[in-house]
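You will see subunit A twice below: alongside subunit B first, and alongside subunit C after that.
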Partner chain A sequence: MKIGIPQSLLYTYYYPFWKTYFEELGIEVVTTPATTKSIIDKGVKASVPEICVPIKVYIGHVITLLEQNVDYVFVPRFVSIKKGQYFCPKFMGLPDMIRHSMEGVEEKLIMPFINTKSDNIADAFKNNIFGDKFPLNHKQNKRAIEKAEKIWLEFREYSKKGYSIIEASAIALGKASKEAFQSLNQKKIDVTIGLLGYVYNIYDPFISMDILSKLREMGVKVKTFEMLEEEDFNRQLKTMPKTLFWTFSDKLLAAGYHFYNDEEVDGLIHVTAFGCGPDSLLGKLLELDASIYKKPFMTVRVDEHSGENHLQTRIEAFVDMIKRKKLKVQRGA
Partner chain B sequence: MKVSFPYMGTTVVYKKLLELLGHEVIMPPKPSQRTINLGVKYSPEFACFPLKVIMGSYMEAVEKGTEVIVTSGGHGPCRAGFYERVHSRILEEEDYNVEFIVFDSMFRDYKKFLQNVLRIKGDSSWYKVGKSLMLVYDMIKKLDVLEKEVQKTRAYEFKKGETTRAWEKIQNLFDRAYTKKAMEEAFEDGKELLSQIKQVPIAENKKVKIGIVGEIYVVMEASINMKLEEVLGSLGVEVERSQYLTQWINYNALPKFMNHSHETEILSKGERYIPIEIGGHAKQTVGHIVDFSERGFDGVVHLMPFGCLPELVSQSIVPKITADLGIPVLTLSIDEQTGTTNNLTRIEAFLDLIKGKRVRKIS
Partner chain C sequence: MQDIYLGIDVGSVSTNIVALNNEGEVVHSQYIRTNGQPLESVKNGLRELKKNIDQNTNIKGVGTTGSGRQLVGVMVGADVIKNEITAHATATAQVVPDVKTIFEIGGQDSKIIIIENQMVVDFAMNTVCAAGTGSFLDHQAERLGVPIEKFGDMALAAERDVRIAGRCTVFAESDMIAKQQFGFSKGEIIRGLCEALVRNYINNLGRGKKLEPPFVFQGGVAANKGIKSAFEKEIGHEVIIPKYFNIMGALGSAILAKELMEETGSDTNFRGFEAADLDFMPSTFECGGCSNNCEVIKVELDKQVIAMWGDRCGKWTNSL
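Coming up: the complex of A and B.
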């Protein structure tokens, strides 16, 4: 049996888990290549025009998988991974959008509910997620979950050490050694930037035009939200009268305030997709508070009409500005 | 204290409740172009339209001297639950001095809820609070009955605009009523007013009925949905909304285990398409389309604010429902770019299609 996983949305965050789990059960995992213009075009055609780019990209990936003759496509329904918090409504209705907008795909979709207490989603797989589509042995399932969970936790540990998600994922899955990624221990770092954005924006080379590597090439140390510890978030969230009720947005907001308070971080870049609802609110709150913490804050809004040069220019200017500001402080001006 | 609230639908209701509790109420002005401009200027660009309009109307209310704004909270997953945080932060940034009293669900933070209730209660006795609540609930029920009548009468009125004027008069009558007896009188007078409107006789089988579904704010607030109900009425169409205040209160005030309101029935009708509550009114929208179709309506207009998260999901599913049930649905997405003529044309074309479909059925 072949199962397809679209390389989009929370793929980067959970891929080590999903891949290990399915392979332990003896299922062949097929993934789509990184987003390309043709994939996104398929998605744009099949979705409502107003919806945000990540969803269009996701639908494009699903269509690509369906064309590749996989037996099933894995489209999890993320409901909640923290008590009292949810996902953006579009995540919660994602399988519905797909199964109702394409003819005859419903029986090809595997749509487990992800409704767990923490972002370790192992619990959601305890019950048979396949229905009668796959003969599942209870013992085998348990073993697969254990292994997947272990690998995923390892992967998170690497993330917290400062490796980007792609690197951490490669290390955890044993595809690369730690030494392969030396970018962390560079000799001289003069600027550190807090890069805010969802994993499916930052790590999708098409959506964000690989902003992370671009920054690193400029000798900038990049911190992202998944590199922070749970306590870092909680400390920030405690001081707020009401937190956002979308888990990842909540993490971003907390990460934003953490970066504001973190002396090492010189400035913040917020990467957001055109039409992203949760971001419209959290971006505004962070933007208003930038003046209080006296740190530069820039919003980069991306959509399917991407212009790579404009991004390059903007981040270069942003980094230059920070460098100059620091130089001035050093000179005591 | 001088109190105000977000402007939505039949505002006399909220005003009445606060007045009965002894507060001085500052009516927020009806959303106008100025309100929208103000809101758009200070709100985040990609925030949904209701947030912007309410932002503008808060600013206008504060300019009129409001000290406290009473509003409802929420716990997601729709953005509306976080409005107040953004609103109060922006108002603070722009030096508008105002305090918020936010009613979150009492099951979430009981203490805070009680505190808020005590503040709103002020010096009135609990007996008075209970009595006022009952009175206002009664008033809402009566107004809803009359409004449904208005939506029917408007389609067949002889003189254009007469019904709308009568409806305004009725709201005024209720605005002046402070006792149960006065409400009763206003209700009777209202019915009388409506029955006096001269109607064009139309055969029962020629009547066209359209349901309006979608996100609650754009459905309920006429000044931002291009007065859709009036437009449809003037084109000779009976309308019914998916949302009325009575339903909203029945559904939201009762705890889950004993909640058998109309709303739960609607939700179960939407189950086929969206199995879980995904926030906002997506599931209701889908359920209502199914419901309207079962009740023999000729079509449905689906309203949503631009970029509304839950409604985008329901919009994606609408074509499937139309295919399954054969009910025409027109989705209009609403924001500050008010292209009235454009939308009017679309609505007219939609009605032509519906009428054409009927003729085809008969022949």
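Coming up: the complex of A and C.
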């Protein structure tokens, strides 16, 4: 049996779990390549025009998998991974959007209900997620979950050490050694930037135009939300009169305040997809508070367009501003 | 024998050239319409510059900025290639040393820059939409049949206020058409348009930022007195328009080149005025080496590839 996983939305955050789990069950895993122009074009054609770009990208990936003749496509329904909090409705209704926009696709979807107490989604796989599509042996399932959980937790540890999600994933899955990634031991780092954004925006090289690598090339150390500990989030969220309703938005908000309070971080960049509802609150809250912490905050808004010049100019100017400011402080001292 | 430093700002609408002497004074400046041909306009600018300066002039350093900074940087042999924010702020901090807020409206982008002690501490640039920039005004001028140069005077002479929706230029345009049908004069419509543009600008870029005087307004649109007066009305404070308001990017990049060359003492990479007669051929191709399909920009000089960029992995950039 061949199962396809779209390389989009929460893929980067959960791929080590999903891949390990399916392979332990003896299922072949097929993934789409990183988003390309043709994938996004397919998605745009098949989706309603008003929807945000990450969902269009996801639909493009699903179509790409169906064209590759996989037996099933894995489209999880993310409902909640924290008590009292939910996902953006587009995540909760994702399988429905897919099955209603493509005829005859429903029987090819494996769509588990993800409703767990924490980021660790292992519990959601305890009951048979396949229905009668796959002969699941209870014992084998338990073993596969344990292995997947272990790999995923390792992956999270690498993230917390400062590896990008792509790097952490490769290390945890044994595809690369830690030494392969030099970025952590750069000689001279003079600027540190807190890069805020959902994993499907930051790590999709098409959507964010690989902003993380661009920053690193400029000699910037990049910190992202998934590099932080759970306690870091809780400490920030505790001080707020009210938090957001969406788990990942909350994590980003907490990460933002953590970066504002982190002496090492010189400035924040928020990457957001045009029309993102949760981000309209998140971005604004952080933007309004930037002056309290005296750190620059910049919003980079991305959409289907692929012009790289604008992004380049903005991040160059942002990094330049910080570098020149630091240089002046040094000279003055 | 005179030493000069050049600054070249290649924007979407205009290409500007500034020459500074050792004392940092502007000895020559040009404002040229780009007309979609950045290389040609720079070549023309260089020829014009050569005609206008002493033949014994020694070019000590060159800086480029603007959206075409990289391409033109390769062509002229720039020593400093810097983004527009840094260039603009550098120039303003020199001309108005105590500046705190810069409003800059160019052909296709607009920015707000917050300065503290002559350092950029914050900035914002228009995000996905070019609403309310110079190109939009150009377009409306054409539609109303009014030369853009007359916009300012007509706006100031208007008698009545008319409110035009400024959130989006598409809506602004339909609103203008409606208001014309209500019998408002062209001047009044233009004034309404200027106010809408400024309202939109402040709401989009200035929100959440502490805007403090002195305010400096620059960029090509600063030539428009109607916009200046709309700014003053909106923020309730005088707005300074510097002498070289429409070439501040070029001025800043010349200053940056001067600073760098004086600091390092190295020789300039400038190709000389002959650059204007060399045959530069920029072209673009899709790499296809992996699924990224990067658009790679290639610049050839006499059929020799002299620069490539745009590839994410560096395969082409590093191949030279």
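Things worth noting here:
By our rule, the second predicted complex is superposed on the first by the 331 of 333 C-alpha atoms of A that agree within 3 Å, B and C clash if a C-alpha of one lies under 4 Å from a C-alpha of the other, contacts with A are read in each partner's own complex, and residues count from 1 in each chain.
Keep in mind that, in the parts below, a residue touches a chain if its C-beta (ideal position, glycine included) is under 8 Å from a C-beta of that chain, and two chains touch if they have at least 3 such contacts.
All figures in this text were calculated on a predicted structure; none of them were measured in a lab.
Following the overlay on subunit A, a side-by-side fit with no clash is recorded for the pair subunit B and subunit C. Of the two partner chains, subunit C is the only one that A:317 touches; subunit B does not reach it. Once chain A of one complex is fitted onto chain A of the other, the partner contacts of A:288 extend to both subunit B and subunit C.
Of the two partner chains placed by superposition, A:237 touches none, neither subunit B nor subunit C. In the superposition on chain A, A:44 makes contact with neither subunit B nor subunit C. Of the two partner chains placed by superposition, only subunit C is touched by A:205; subunit B is not. Once the two complexes are overlaid on the shared chain, A:303 sits against subunit C while remaining clear of subunit B. Using the contact criterion defined above for the overlaid structures, shared-chain residue A:153 touches neither subunit B nor subunit C, since it reaches no partner. Between subunit B and subunit C in the chain A overlay, the least Cα distance found is 5 Å.
Residues 274, 284, 288 of subunit A lie in contact with subunit B in one complex and with subunit C in the other. Those residues of subunit C that touch subunit A in the shared complex are 67, 82-86, 109, 119-125, 127-128, 207-210, 291-293, 310, 312. Subunit A meets subunit B in the complex at residues 47-48, 50-51, 77, 79, 84-90, 92-93, 96-97, 100-101, 113, 241-242, 244-246, 274-281, 283-285, 288. Contact residues on subunit B toward subunit A in their complex (touch as defined above): 43-48, 73, 75-79, 81-82, 84-86, 89-90, 93, 108, 273-276, 278-280, 282, 306-310, 312-317, 319-320, 333.
Those residues of subunit A that touch subunit C in the shared complex are 33-34, 36-37, 205, 210, 213, 274, 284, 287-288, 290-291, 296-301, 303, 305, 308-310, 313-314, 316-318, 320-321, 324-325, 328.
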